[in-house]
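Shared chain: chain A. Partners: chain B in the first complex, chain C in the second.
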Partner chain A sequence: MNAHSAMVSATALRFERVTKWYGSIVALLDVSFEVGCEVVGLVGKNGVGKSTLMKLAAGLLQPSQGTVHVGPHPAGTAAARADLGFCPDVERLYEQLSGVAFVAWMLRYHGFSRRDARARAAATLEQLGLGEHMNRSIREYSKGMRQRVRLAQALAHEPRFVLLDEPMTGLDPVARAELSQTIRSLPAQGVGVLVSSHVLHELEAVVDRVVLVHQGRLLAQGRVGELRAQLPSQPHRLRIVGPRLRELAAVLVAWPQVAQVRVHDDSLEVSVVGESGFYEALTRLGAAWDGGVHEVVPLDDDLASLFGYLVG
Partner chain B sequence: MTSPHAYREAAYTPVPLSRRWWPLAAREATQLFRSRWGMLLYGLCLIPFLVRTVILMIVYGVLSFGPDALRNRLQAQPIARGGGPGPELDPRNLQFYAAQAIQPPAFVFVLLLTSMVVARAIARDRATNALELYWTRGISPAQYVLAKWAGGTLLVGSITVVAPFVLWLIAIFLAPDWSLLQNTAGGMAVLLGALALATGILTAIGTLVSGAATTANGAIVAWTTIMVGGGAIAELLAAVLRVPELRSWVAPWTAFGVVVRDIAGLPQRNASVVGAWCCLGALLAWSAWRARKRLRMEDALA
Partner chain C sequence: MNAPRPLGFVATVVESARQTALRLRHHRIWTLVVIGAAALYGIAWLVGYQVGQRTEDDGVIAYCNLAWWLQATVVTPWLTLYLGVQALHGGLEDRTFQYLFLRPVSRTALLLGNWLAVSLVGASVGALGAVILFAGMADNRELWPDGADWRYAGAFAGACAIAATAYAAAAMAFSAWFRRPLVWAAFFVVGLQQVVANLPISAGLRSATITDPLRRFVLDAIEPTQRLARNLWPAEATFDPEQVGAPLLDLTWFVLVALAIASWVYARTEYDARARD
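Let's look at the complex of A and B:
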């Protein structure tokens, strides 16, 4: 480990060989990863340990073995909590309060005076696009607005890390896109983000890296493309659109890299094993093909496919 | 500000416990007043206080109200020599101020208030996952329960402690001379202390019952069952076994009154002071044991 990565490591949110038992049930087994100043997606099916990891980082639970650090501070200490913002999957907020009153109230637990808390809450809500509505009572808010209030209460005390537990749940596509944009902007403000979701396509647009958890174990971590490239035995699936599909299929099926070709009404679905030379050959074929190849779309370079391949 | 490693600079200043739990206690004490229904409920709970204020005004001749016979009876002097009202309607007797907090009519209002505020306090947060919001902000489960209890006690205490005190102040200013102040000041201080202690115990039981419940409605049902069911069983046992003291052992509300009367030195009949303390103590211990189990972070957040 060089000096720079050691320094980054000391300032990151770190899980080191974390194991967690609930009685005789193993919730997590020897999980290690770090969250730097980036957006990291915590991916897994329901009940695989995502929430446990979040709660360990928030200091709500203690690991049975291993350590969790928020920067230099052990998780759960007062200093670690001050560096952390937690956005839990809360069903209802304090409905009678206005958005700004709720966030200000949460800030008071961090020691801010009434006046400072109010000003800080207003500034955070303004930044998250709720400035106009912050004085309305929460019961009048849409789901998207509530989610922003939750995010605001996690961000208002200026933590170094935020933990977002299923932040997209129940949001409409517009609200989801807006929230994704907000989350994406956080690393630029010096905030590392660990975001969990079991809805993979939502995460994909937001995260820099993913941490895949399955049955309490760390399955893989890294960028989606890199992880996909590490599965050479798993055929890549492509959709190819162009004229004379049956003739094109006949050509492709003779190529050594092509494992399977399915002909659909308007496209071909091609499974490619080992990509060496395939795309170059396809480019040449497309240039020579009468009418050209209109479209080549990878069908399984996404997070959901990757997760499917890894989990089976 | 962003550091050279792109992280925000971590400037941590320890926050004293008082500054963390007080906002929660204050919110708990005042949240009833944030809705019309809450205001209405609180207004309803002030009925015993308002009724006694009217009685006070009749006694001191500020109001000429009601049938002559009743007025004359309330104003009769000296009270203790027959002819006048009972001690619970006599402002010169401490029982007048205690009665609005510990007599059977007050039970209905205290039960309403504790059911709607105290018994729901923790169960509601648990049901909505809000516990995590507090526990990630440096408030431990014990501090959280303490803050909820303090808030609930402040609210219920405003009816059971502050209202009798205000009534007493009104009586002092309406009285023709300072003899009421001189004669009752010491006893009143002890009475208010007794009411505060008993209210604290009652709200502690309510808060802990809430801590052990899964839903807000479940907590209300549990709390009402303890208060009303305990009273009903006590009445039944006392009648069947012909031992009226059993009420102090079994009915929490009766025990509440017995403890207050005992500490304040007010007379009482058919009461067992030991039984009352045992009743409240056992309920407190049982609810604390249940809540402790349910509020362990791992269980509460699982």
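Let's look at the complex of A and C:
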């Protein structure tokens, strides 16, 4: 480990060779990755260990083997918990309390005086768009409002790392967009984020990198584009829109990189294996084609496709 | 980062107690207390009236029997156990404990705060009930030819308050340890305590219950006649004040051991993993 990576590690949320058993069931096996000052998406099917990873970082669970560090502190210690905010996938809240009372109560345990805790809780809820409802009882809140309260208790003490377990659940499209914006803004404030979600296209818009977990193992990690490029045997699919589609299909199918061409009413779906020279040739063809090529859209360069290719 | 230092141990206990008490208040406890107080007054008055009509017993015997067998061994224990289980196990059941365990404070302090709040509420309600029972009984003036002696109300109010702290500690231990704490509470109150009450006076196991030292505390406080003593302690044919021993010390040990077990389990258990085991 060189000096730079050692410095990054000391300020990162770090999972090192983590294994977790529940009785005789292996929930996680030898998982290692880091989260720096960035947004990292945790992707995997239900029950593959995403929540377990977050709970290990939060100190709610202890690893059977391996270590988890929150910056320089071992996970679960008071210092680690002070540096961490966690928005768990828990439906229930303290229903009888108001949003501001709940967040202020949590802040009290971080050492804020009653007055400061109340003021900070109010400011955080205001920031998350719950300002005018913060004094109402939580039991009267909609799903979206409850999710904002959960988020507020995770952010109000200004942690260095935030863990968000399925934060989009139950939110309407507007609230999702707002939450995405909030998450996206956190690294600029020096906060590292680990977020899991089933809504892969929305997750993709928010994250810098993804960590793919399958059956308790870390399957892949990196930027979506980089990971997609590491699957050369998996054809890239493109949608091409232009005039005289049948003639265009006849030209393309003769190219060595093209594995398959499907002709639809308004477009072609082209499968490309080994991209070497393909896009340059396509650009030249588009320029020379009578009427031009109107649109070339990759169909499987997204997180959902990547996830599908990797886990089947 | 401009967060201050996390809350200290004692401050965490106090904050946890404050929040627990606030949450118990939200369980409409004060509405129930008012209804319960009226019910207790009515029961005491009715029992006193029937005793006056049908027996030769005086108000002391009638009140002490009612206060012991109703308030000290049924109402106070079950109310305190229920509140204790609601306070601690309720959070484990609905998983809201996760919000608390994420904070940089000791889980033991959180648990002690719960115990403190439940003890205070249980003790207040238990003691108030004992006094209300006395008021209901004292309204039957023919039972008190020399006037109602409120010392008995004080003795049972004190006993109920002490019982509440012990039952609150038991509730913490059951809640932290077991998935169905009220079932274990029932086993403890109805099963173990009743069985142990019939063991010889020399049996050390008697001190491991709440009822036995509490009974000795009450008998010491009210200085009963042999007949009243037999009513309150049916397993002993003759009551000897030498048998009282050190009931408060026994109850203190019970509370300390119960809280030690509770905090040991609460601080170490992976409640999230328990659901999957």
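In this section, the second predicted complex is superposed on the first by the 310 of 312 C-alpha atoms of A that agree within 3 Å, B and C clash if a C-alpha of one lies under 4 Å from a C-alpha of the other, contacts with A are read in each partner's own complex, and residues count from 1 in each chain.
Here is the rule we use: contacts are C-beta pairs under 8 Å (C-beta built on N, C-alpha and C of every residue); 3 or more make two chains touch, one makes a residue touch a chain.
Since the model is a prediction, treat every value here as computed from it, not as a measurement.
Considered on the superposed chain A, chain B and chain C are sterically incompatible, since they clash.
By the touch criterion defined above, A:Glu126 lies against neither chain B nor chain C after alignment on the C-alpha atoms of chain A.
After overlaying the two complexes on the shared chain, residue contacts for A:Glu269 are found with neither chain B nor chain C.
Using the contact criterion defined above for the overlaid structures, shared-chain residue A:Gln189 touches chain B, although it does not reach chain C. With both structures placed on the common chain, the touch criterion links A:Pro88 to chain B and to chain C. Looking at the shared chain after the overlay, A:Asp300 reaches neither chain B nor chain C. Looking at the shared chain after the overlay, A:Ile25 reaches chain C, while chain B stays out of its contact range. By the touch criterion stated above, A:Glu16 is placed in contact with neither chain B nor chain C. Chain A residues 22, 55, 58-61, 78-79, 81-84, 86, 88, 90, 92-94, 96-97, 105-106, 108-111, 153, 158, 160 lie at the interface with chain B in one structure and with chain C in the other. Those residues of chain C that touch chain A in the complex are listed here as 1-7, 12, 15, 19, 22-23, 26, 94-96, 98-106, 270-273, 276-277. Every residue of chain A that touches chain B in the complex is listed here, in rising order: 7-8, 11, 22, 37, 55, 58-61, 71, 78-79, 81-84, 86, 88-94, 96-97, 105-106, 108-111, 153, 158-160, 187, 189-192. By the touch criterion given at the top, residues 1-3, 5-8, 10, 12-16, 19-20, 23-24, 27, 31, 34-35, 127-130, 132-139, 297-298, 301-302 of chain B touch chain A in their complex. Of all the residues in chain A, the ones that touch chain C in their complex are 22-23, 25, 27, 55, 58-62, 78-79, 81-86, 88, 90, 92-94, 96-97, 105-106, 108-112, 153, 157-158, 160.
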